[in-house]
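The first chain written gets the first letter, and so on, giving A, B, C, D, E and F; residue counts start at 1 in each chain.
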Amino acid sequence: MTIDQYRLEEEPTYHPSGDEVAFYESAYAARLPVMLKGPTGCGKTRFVEHMAWRLGKPLITVSCHEDMTASDLVGRFLLGPEGTHWQDGPLTMAVRHGAICYLDEVVEARQDTTVVIHSLTDDRRILPLEKKGELVHAHPDFQLVISYNPGYQSVLKDLKESTKQRFSAVDFTYPMASVEASIVASEADVSADIADKLVKIAEKSRHLRGQGLEEGASTRMLIHAGRLIKTGMTLTDACKHAIIVPITDDPDMRGALDAVVDACA
Amino acid sequence: MTIDQYRLEEEPTYHPSGDEVAFYESAYAARLPVMLKGPTGCGKTRFVEHMAWRLGKPLITVSCHEDMTASDLVGRFLLGPEGTHWQDGPLTMAVRHGAICYLDEVVEARQDTTVVIHSLTDDRRILPLEKKGELVHAHPDFQLVISYNPGYQSVLKDLKESTKQRFSAVDFTYPMASVEASIVASEADVSADIADKLVKIAEKSRHLRGQGLEEGASTRMLIHAGRLIKTGMTLTDACKHAIIVPITDDPDMRGALDAVVDACA
Amino acid sequence: MTIDQYRLEEEPTYHPSGDEVAFYESAYAARLPVMLKGPTGCGKTRFVEHMAWRLGKPLITVSCHEDMTASDLVGRFLLGPEGTHWQDGPLTMAVRHGAICYLDEVVEARQDTTVVIHSLTDDRRILPLEKKGELVHAHPDFQLVISYNPGYQSVLKDLKESTKQRFSAVDFTYPMASVEASIVASEADVSADIADKLVKIAEKSRHLRGQGLEEGASTRMLIHAGRLIKTGMTLTDACKHAIIVPITDDPDMRGALDAVVDACA
Amino acid sequence: MTIDQYRLEEEPTYHPSGDEVAFYESAYAARLPVMLKGPTGCGKTRFVEHMAWRLGKPLITVSCHEDMTASDLVGRFLLGPEGTHWQDGPLTMAVRHGAICYLDEVVEARQDTTVVIHSLTDDRRILPLEKKGELVHAHPDFQLVISYNPGYQSVLKDLKESTKQRFSAVDFTYPMASVEASIVASEADVSADIADKLVKIAEKSRHLRGQGLEEGASTRMLIHAGRLIKTGMTLTDACKHAIIVPITDDPDMRGALDAVVDACA
Amino acid sequence: MTIDQYRLEEEPTYHPSGDEVAFYESAYAARLPVMLKGPTGCGKTRFVEHMAWRLGKPLITVSCHEDMTASDLVGRFLLGPEGTHWQDGPLTMAVRHGAICYLDEVVEARQDTTVVIHSLTDDRRILPLEKKGELVHAHPDFQLVISYNPGYQSVLKDLKESTKQRFSAVDFTYPMASVEASIVASEADVSADIADKLVKIAEKSRHLRGQGLEEGASTRMLIHAGRLIKTGMTLTDACKHAIIVPITDDPDMRGALDAVVDACA
Amino acid sequence: MTIDQYRLEEEPTYHPSGDEVAFYESAYAARLPVMLKGPTGCGKTRFVEHMAWRLGKPLITVSCHEDMTASDLVGRFLLGPEGTHWQDGPLTMAVRHGAICYLDEVVEARQDTTVVIHSLTDDRRILPLEKKGELVHAHPDFQLVISYNPGYQSVLKDLKESTKQRFSAVDFTYPMASVEASIVASEADVSADIADKLVKIAEKSRHLRGQGLEEGASTRMLIHAGRLIKTGMTLTDACKHAIIVPITDDPDMRGALDAVVDACA
């Protein structure tokens, strides 16, 4: 139950698309908090894993959700055989032991969660554990990273300006076709030819976004399709089960996607 | 109280309608998360039971609902004679011991529940028990399955794109007439003739869907009617009690359904 | 605190109006879940008591309400002198010991309550106690019964189709005049003449339903009036206190009901 | 902490306005649940105290409110030096020991509270303590009384028909002038002349109801004014402080009420 | 931790504006509950402190808010080294020991809080501690006082008629200029000349109420300005920081208030 | 865990923009509560740190949020090896030991939090710990400071007049260009030339406020950009990651900001 369980054992492969690696290294050197902006499934989680491995720091990832409270991040008293003892939450563990703490989709969390990070994201770099009456000064290696999907935000649910302005940020999007194909080929262990076909299907699906499709096929879906092909399934069936059926129930949109697959298969 | 109580003792009979068995075997081989899409009572639960039996894995089923929290899935501390101890929830039990975990109607659950499954449905295959400060790496046999009824979703209550895109999916619908009749005959222990009549009644009721009827009679209802007939009730009375009275209170719709039964009896 | 406290000691008198007794016996023989449909105060609770007595099974009745949770039905851990122990809820008690469990106005309960009954109302007949990590297989005598008042349902609060389709159902309404009069005469211990007059008043009040009156006088109200008469009150005063004042405050409606009583007294 | 602390030591004076005493005696003889209907401050609480004294039964009064839960009425487990013990709530105490239980403004309570009383208000006369797994059979002396203010109900907050129909009911309103004057004279210990003046003022204020005044002056307010006069205050000042200032802030309405007081003083 | 900590050690100075002292003495003599009506910062809290000192009674003040529950007023069980013990809340402490209990802005509290005071504000003068199963009879010296700001009430949040009619009431408003000036001079220890100027500024600000200003400067703000002047600040700067900046951000309104200050300085 | 951990060890540098230091010294001398008004990231937190250091007092800062309760500020009972003990919250700690308590963005907190400070912000200077039955008299050095961002308030969420009028207040805004440049140069350790360029960019961004940008770049963002430059990044890239990407996703606004950076670089 130590911080070491959060160290990555193997290098998570990552194919850069722009200046994101250099930016992250600068931001980490200056210990600036970092915001990763971009759509679902385009590699933000993989990127932060890669950077943590590269910098040799433990990584504590927390998937945020609307029922998450500040206590879930910071910690709480638990009742044991000898009365209560304090259990550090994932954020406190990172702050104390110098990990990178990655709050995935932080905007989903309740406001108390976002306010908790304020004193960690300015010059104070402290975390007050109010329930315990302790002020934790952040370990020099500690850094905070959050992800943010611009397509999901609404007036009701957005980061406050006073939170946004605490972060330096970098944009993510789907990788270029050649990069994406090599990701799919290596992750799903399929041929370059199949990977190319899957990427073409994905690109066409992404053009349908906003025309009845909420989002196009992500790189993750292409890897899924590749893995089904690897078990012996046809490319058409694999695309049906890994891409088309999951993202739409609309008969017309399914027809359009079927046609896309047929054209590329 | 071991994982073995979740093993199926007898084969759950299942009558395939398409390529769903082959798809599932591929998806399980690639350990892809699976989403079963389709209306109420058409056999999704039976299918996953059948596949678990076929693959020889324990099956832990959780019926989701809007008051379900992440703790209900993951586990919690309980107070015992020697202070608190941790009690694994059904999802954690499946993750640790290599069961198939089936979250029925997952869209009904609160968002924290769906976010909890994110790190289990990508390459990480880990489940962080934040309250316990433990990272559980999934057993190699573990697989996650969810069901999803497209007819029930609304703008307010739908899976997020970032959740949907983690699953490979297969469509379910009512079985073909001949398949459905043999299911009814074997499950209710009635003659082929009675089973045929019940299936005809069901098909006609399904055409009334959207004309004042929310859904047509499911296969389950036909089995219920068959079992009432088996106790000596007439087909007309059995259809009244097992099909018509449960699904509608509208006098006109009841009249239309009575006419359907009279025509087929 | 055993299951025996839920056995009925005396036969609850019940006057059948249709085929409901035969239907219930068939449904119980097939162990189908049963839904009793009908308005307030027309004898649904009495019917299920009668059937439980007739079949010689214990009966556990739960009045559902919007603050009822799944734990209220299933059970919870309680803290005692030697740490926590598990306390079965009423549903679990029925499932373990083979009682009939009657959930009165189940649609009022929160959704987690209705989802809890899903695995008990299909072929599995199991109740997972997730907090305890136990799977309870239903006793062969166990049966689930729910009541449902069609006049009360709204778009916001209705049983889901996937719940409705698990039940066989029977309609209840007010009994025929002669049957109702004999119920009133025997329950309130009044003469047949008085009972006839009360039933006539009730029938006329039921015609006013929808014309400013939410529901007409129920059989229960007639029995109340009869009992007040038995203490020496006049029929007019008894109808005022037991029927008119409770159901309306509108002066015109009160006048109409006074006229009905005068005409029948 | 016994039931005896709920016995009334002195007779609460009560001035009947109609047949309410005879009705209550009949309803109690038949053990019918009773509903007292009428506006604020016209003596419903005093009436039920009087009847409890007259019948020699203990009286347990509960003021209902929208945060009241079923547990507040029924009881709960409390943690003591030897683990948890069960603490009967006020309703359970009344049910066990044969008190009259008066739920004041029951419509304010949450629905679980009103559903809890269902099994006590039909022939079963039982109270299931689900958390404790106990069925309490009501003491033969137990009776349930509720109050209901028709002027307060709204579509959102009203008793359900299935609750209303369980009660016999009696109307309350302000007493006749001569009765009200003798109440004021005796309760405030003022002369008949002053009491008459106060009653005239009240009557005129009640005519202003609906013309900018939510309710007229209640009998209680007249007694308050009388008691201030008894300390040496003028009738005009007493009416200002005990009647006018509490019920309105509107300058015109205050002027109208000042004029009423001047005319009667 | 005794009731004596609630006794006032020094006389709180109070400058009467009308008959409020005489009224309060009468109301206390008759033990009538009292409602103090008026705007923010005009001396209601100071008045009740003065009266408690004058009558030689302890004073327990509770600032009400929308998250306050009945338990916060009445008390609760706390877990100590020897199991739970009961902790009286501030209201119960006042009821038992004969203090004046002042509920400031009671309308802000949840309804259960206002219902709790019903049985204390009629002839019963009792407080049922339902969780403890105890009926507390009020000490003869106990009195209940509430404050009420008519300008704040809305349809959604107002005292119920059945609560209002339990109180005798007195109006508060800003004191006359000469009275207010002597309050400011003595409380802030400034010259009569400065106090006069501040009062003139306040009066002009109060005329701007409703023209873009929610409320004018209260007596409290004038004292604040006086105290800043006492530290050496100019009258203009003191008015800026103690009056203008706190109450408005609107540039035009700030300009108008600046002009008011310049004209009076 | 003593009050001393809240003393500032080094002087927080602060560049005054107006009379705020003198005002604060006066307000502290008179022990008036202080409200700091102004937009995000313009130095309010740094100012109060500077003043606490200057006055030699400990500083307890609390970031308020909408899930914060009065108990989070005041304290609560915690269960330890010898039963419960009371844990002072941050406000109580400040009140007892004479610290300055800074409630950052207090308007975000729930109402019970703002009401708790009422008795600390008038002449009483007391804090009632109602759950503990203790009245804490404030230490003579205690002072309360709150921040308030006028641009964020809405009708639904604003301080009540009765709260606002308890504070003396001072306005904050972005510092003058020359002051801001010297802050950036010293905090980010960059040349005056770079600091000047960054300030020019910020000023232009602030003119875009309300034209699609919620707020312009804060001083904090300029320091971030400076620090990235210090690691070797170009000014253009540093502005992209530290200013543009964090505050907007709109392509047109990004173009406008890119042009601003190009023009100043």
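One rule holds in what follows: contacts are C-beta pairs under 8 Å (C-beta built on N, C-alpha and C of every residue); 3 or more make two chains touch, one makes a residue touch a chain.
Which protein is which chain? UniProt says A, B, C, D, E, F = AAA family ATPase.
Computed from a prediction, not measured in an experiment: that's the story for all the values here.
Think of each touching pair as a link: the shortest run of links from subunit B (AAA family ATPase) to subunit E (AAA family ATPase) has 3 of them. The fewest steps needed to get from subunit A (AAA family ATPase) to subunit C (AAA family ATPase), moving only between touching chains, is 2. Rotation relating subunit C (AAA family ATPase) to subunit E (AAA family ATPase), from a C-alpha superposition: 120°, rounded in steps of 5. In this assembly, the chain whose C-alpha centre lies farthest from subunit F (AAA family ATPase) is C.
By the residue-number overlap criterion, the interface of subunit B (AAA family ATPase) with subunit C (AAA family ATPase) counts as different, with under half of its numbers used by both chains. If you average the CA atoms of subunit C (AAA family ATPase) and of subunit D (AAA family ATPase), the two centres end up 30 Å from each other. Mean C-alpha position of subunit D (AAA family ATPase) lies 52 Å from that of subunit F (AAA family ATPase).
Residue positions 79, 82 of subunit E (AAA family ATPase) are each in touch with at least two other chains.
The touching residues of subunit C (AAA family ATPase), counted against subunit B (AAA family ATPase) in their complex, run 19, 22-23, 25-27, 29-30, 32, 35, 37, 69-70, 77, 79, 82-84, 110-112, 114-116, 118-119, 122-123, 128, 130-131, 133-135, 150, 160-162, 164-171.
By the touch criterion given at the top, residues 1, 5-6, 40-41, 45, 61-68, 72, 76, 78-82, 87-90, 93, 104-105, 108, 149, 152, 187, 214-215, 217-218, 220-221, 224, 227-228, 230-233, 237, 241-242, 245-247, 249 of subunit F (AAA family ATPase) touch subunit A (AAA family ATPase) in their complex.
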